[in-house]
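Two complexes are shown next, each including chain A; its partner changes from chain B in the first to chain C in the second.
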Partner chain A sequence: MADHNPFPGENNTGHFWDDNIRELNNPPPQWWMIALWASLAWFILYGLLYPMFPVMPWQSQESGGFTRGILGWSSIQEFERGMEQVTAVRAQYEDRIADMSAEEILADPGLTQYTLASAKVIFGDYCAACHGSGGQGNPGYPVLADDDWLYGGSLAKITETITNGRKGAMTAHKDILTEAEVDRLARFTVELADGGEGSEAGWALFNEKGCTACHGQAANGILAELPDGTIVTVGAANLTDSIWRFEPGGYESARHTILYGVNQPGIENTRDAVMPAFGDAGGNLEGKLDSNQIKKLAVYVHSLGGGQ
Partner chain B sequence: MNETPSRSSGAAIDALYAEAHHWDVNTGDETIHAKRIPGKWRRIKWLAASVWLIFFLGPYLRWNGHQAVLFDIPNRQYHLFGVTVLPQDFWMLSLLLLFFAILLAVVTALAGRVYCGYFCFQTVWTDVFTWIEEKLEGSPPQRRHLDKAALDARKLRIKLTKHTLWLLIGFFTGFSFVAWFYGAWPLWRDFFVGNANLAVYVSVALFTGGTYLLAGWLREQVCFWLCPYARIQGVMLDRSTIVPTYDVARGEPRARLKKGEPTAQPSAGDCIDCNQCVAVCPTGIDIRNGQQEGCITCGLCLDACDAVMDKVGRPRGLVRYASLDEAQGRPVKAMLLRPRVWVYTAILGLALVGIVYGLSSLAAIELKVLHERAPMFVQLSDGSIQNKYTLKVLNKSEQDLSVRIRAESAVPISLIGAEEPLRTTSGEVKPMIVFVKIKRSDLDGERMPITFQATTELDNGNEINAERESAFFGPARGGTDE
Partner chain C sequence: MSNVTTGPLAAGLRSMLDVSARETNSAWGNPWVMGWIGLILVVLAVNATMIVLAFVTNPGLVNEDYYERGRNIERTLTTRRAEAPGWTMSLDTPADVAKERATTVRFHVVDAVGQPVRPERVTYYAYRPSDPSADFSQPMVEEAPGRYAVKVRFALAGLWDTLVAAETDGQEVIFDQRIGVASR
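Take a look at the complex of A and B:
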């Protein structure tokens, strides 16, 4: 501290070093100080209005761990209000869908659009894991976007499939047929799938071994067609089209299926093909779908590309 | 440490400080009370400022029973006279912005901060605010006197009137701004009875407060310390840019006129150091120090100097619009010889062509085609391949249209799902799912081009088409054939 001020008239504080280094008294501008105090006031006001100060931070807000604020605002309330708004927007569609059949929904372009958007989420949650995000299927899990259906592609059949699930069955023939017979039948299915007529010997063996019981007289998986057009199947594959039930398709796949069957208990290498039931069979909705959701899903799956 | 260098460098620093003391930088310590005098540039300034009347009156223009220009944000429609622009056409906005950015650049390169001096809302609003101030409080000395005077009934009355008028102007600025978006008639109907939405009230409040603060209190400080344009425009000037210039050769040395002396002193320059150029400057600078960041090139000092020169019987133009080259006696390059002018003009032209093309080719419908990706394609039971497409048809016309969809490719295809025409609603996008089926034997690759076409007929019988290219995907050759 110098006794005399060598820089009179300058707004210095009177602190000097090395003759000419001195501390100047330059307070922050007034607007800056106003902004500072305004920020502080804001902080306190905010803290009073909104949850902020931890009183007992080891406790949750509900049990008084934090000040709740005068306004009583909380993010979970805001979220719930938002969800209520969404539900209110959807209600106009949901109410109508609840009273309509899947066929009626498909006949209304606006409702179909809503249903497809809404069901896409349900499909992603419950179906996409096996059938793929766009119904493109996975090895062992059928493609939903094509026109080949094991149990029928009408809205009624799709609804039935989703509600009750499906579990196909095919006998394992490794102890029933000879190696040569299995070979002949496997080659027979390849002939049919490639668009051929099928050899006479193949048809003979197909009929003789009782394959018709499930795959039908025409090997197309259809057992009977009712007068109203409904098709009766037991879920056996249509052997005459070019789509294979089990990947990768072709001779080896067919031979494997004939030898070990589908869903045969106690048989090693048997094909595993089970679709779980998503309906509310026992009145217990846990993790399953209600009838509205199933209705929407049926419309969605029907619209993927192969609905009948 | 060695004593001598530190002492000498200390002295040098002291010299720097002494020099800094003479730097005259306007930091708003003192309110600038500029004198207003009539003149040529003053008239031009009012004329240029009157362009802003469009801002206040534009929302009341009608066109075919609608507001002529309405930026309808809630409905995402932008009405420009007969044309409706939807967000999908907003690439034109970027061209419009480019156009004005380059216009700013070209004007600045040629004639300096013309925008700042004549058109900028900060300049214009400040001008109007200070005009009101002068009407109420009197000339600059009277205003300074009033500012210093103790608060009495008269001062209170004057100040109250002034601030009320300022706030009113601020309010109508905000109100007119919102009218472009909300619609002028609905705004008058809803605003004063509390029926407008919160965004409207907040916007008007922000504009009212902002205008009052910026034009009433901050004034030239905005140009000095807040405005980015001022900085950008400053660096775009060059030696040939025409700006208000003090003719140093003619003016110096300055000499004050004294009573009784002849008006022509051979030894002195033409500047009589009357400081009128400083007195009228709205940013409070001295143009005789040369072009500087505070100069908004408004030309008011030209009027002031010319008036004084007329009085003392010397030629006008001691302060005039001139380039640095001209002022320093260098050869002046013709405007058209400067490459800058050509480059700017070319960009301006391109942007303009784009906007005109965009506005003239706004189709009534727009078609978008989204190819399904999961799965890319599906094999059907008869062996043919099916692709799924989501079509989105945007109806930009003002009527509901029935749109027919067709698809074409090099090979025979069947289009499923487009048998019925799509009903579209004015101003909305309607999605539609269609399937395209191609026989396996007709496929000649994994990817084939396919063209979708949407056709519709307007009420006036005009047929309108929209086309979109997409692709059809199939399995790789020989991939899953066996």
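Take a look at the complex of A and C:
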């Protein structure tokens, strides 16, 4: 094939077709060669500087199953540095929050914004399961976004509730009251909840059976109002508004609560209404909140719409 | 190999390429005719593909007895109302739900007097109205009496019809909620 080369000195490979079509032996373009060598150099340099080759892949990363590179860079370190930066940015706020009361935080709009954003995550982790992702409540769990409070909606009361939890109590009346009395009281609460005045007989029974001891003289859940405006309650529901502590509310629901009470040990069908305590000042207990987190949560819950 | 050059196909090809063939008044030799036929074939092929796709990807959402169901709608609704256990239910989907982000959805259920209900099985269904291939369902896990949770991940942004089915004694109670999933 290449016995006779009709194009001597042309740098062809000696492969010819149809007399004059032939394969030349030209080098690749210079830019291409430069790119090739540059990529090779980059590959070697990168391999030297950064973790790259699995030398003993059966070993874990911690035991050095790969080349570590001269720079000693690792993605987890970069992540940790990033987290440190975030903490540093937050520190200026966190330090101030640590020294301030919840009231003082609320007085500072910038700090309030920071606290709300930060507390939203805590709320999602610890509170949303029962009280709803937006504090809108759920059947059996109180709404936090309205101004109807069982124990009070001041920052101090909210903090107290989160720290120590709440466990309301109402006596089961199934063995105390007659069927007719339970029926009359249940009707009475429905009358009040529907905005009515309540019948005279209803009020008489309400007073006579000692409901006032917890629900108050006016059946609004308030036992006393101190001169400084503080409201004293034992967590009994306000019966004069249309909000039911135990949905769906109404006659059957009220009757059930009167019969079986709330959180009564040994009583079957009693209402289960317990809020766990989240306070853990020492920060030693798992699943608990430190005082800063509780402070933030108090500001958050207070800002949901019903803070007093 | 002789039929390659003498077969009917070769004859057709030759007549198409051969300028003299046009003088014999054979329409096959006209590139316009071939072009038009090609165009028609393309349109038919696209139609055929679409029809096949329509059959293959049919979600089958139509009920077999849709006509009878339509006629019986009143009775169905009345029956459902009569059999409804009078539960109060709520489905809590966080407002910041976004696509490709794990979100915990919770379902609460209490009976007619407000006591927690513990159904045998609670299942969460998510329906994508426009694309049944994105539909999914997951069992919900009981966190507390009457409180069920599931961690879900929506593959697409936009409207979703979510539905919780609580099953007790063979009776299924359904609660639905239409939600909007953000793109990020």
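Note that in this section the second predicted complex is superposed on the first by the 268 of 308 C-alpha atoms of A that agree within 3 Å, B and C clash if a C-alpha of one lies under 4 Å from a C-alpha of the other, contacts with A are read in each partner's own complex, and residues count from 1 in each chain.
Following the convention adopted for this analysis, a contact is a pair of C-beta atoms (placed from the backbone, for glycine too) under 8 Å apart; a residue touches a chain by one contact, two chains touch by 3 or more.
Computed from a predicted model, the values in this text were never measured in an experiment.
Once chain A of one complex is fitted onto chain A of the other, the partner contacts of A:V143 are limited to chain B, with no touch recorded for chain C.
Legend: residue contacts after superposition of the two complexes on their common chain; A:I222 is shown touching neither chain B nor chain C.
In the overlay built on the shared chain, the residue A:S253 is in contact with chain C alone; chain B does not reach it.
Contacts of A:N269 after superposition: chain C is touched, whereas chain B is not reached. Contact with neither chain B nor chain C is seen for A:V234 once the two complexes are overlaid on the shared chain. Of the two partner chains, chain B is the only one touched by A:D18; chain C is not. Of the two partner chains placed by the overlay, chain B and chain C both lie in contact with A:G134. Look at A:G124: by the touch rule set out above, it reaches chain C but stays clear of chain B. On chain A, the patch touched by chain B and the patch touched by chain C overlap at residues 132-134, 136, 248-249.
Here chain C touches chain A in the complex through residues 86, 88-90, 92-95, 106, 108-110, 112-116, 143, 145-147, 149, going by the rule given at the top. Across the complex, chain A is touched by residues 6-7, 10, 13-14, 372-375, 378-383, 386, 388, 423, 431, 433, 435, 480, 482 of chain B. Those residues of chain A lying in contact with chain B across their complex are 18-20, 109, 113, 116, 132-137, 143, 145-148, 190, 195, 238, 241-243, 248-250, 303-306. Looking at the complex, you find that chain A touches chain C at residues 124, 128-130, 132-134, 136, 138-141, 244, 246-249, 252-253, 255-257, 269, 271-272.
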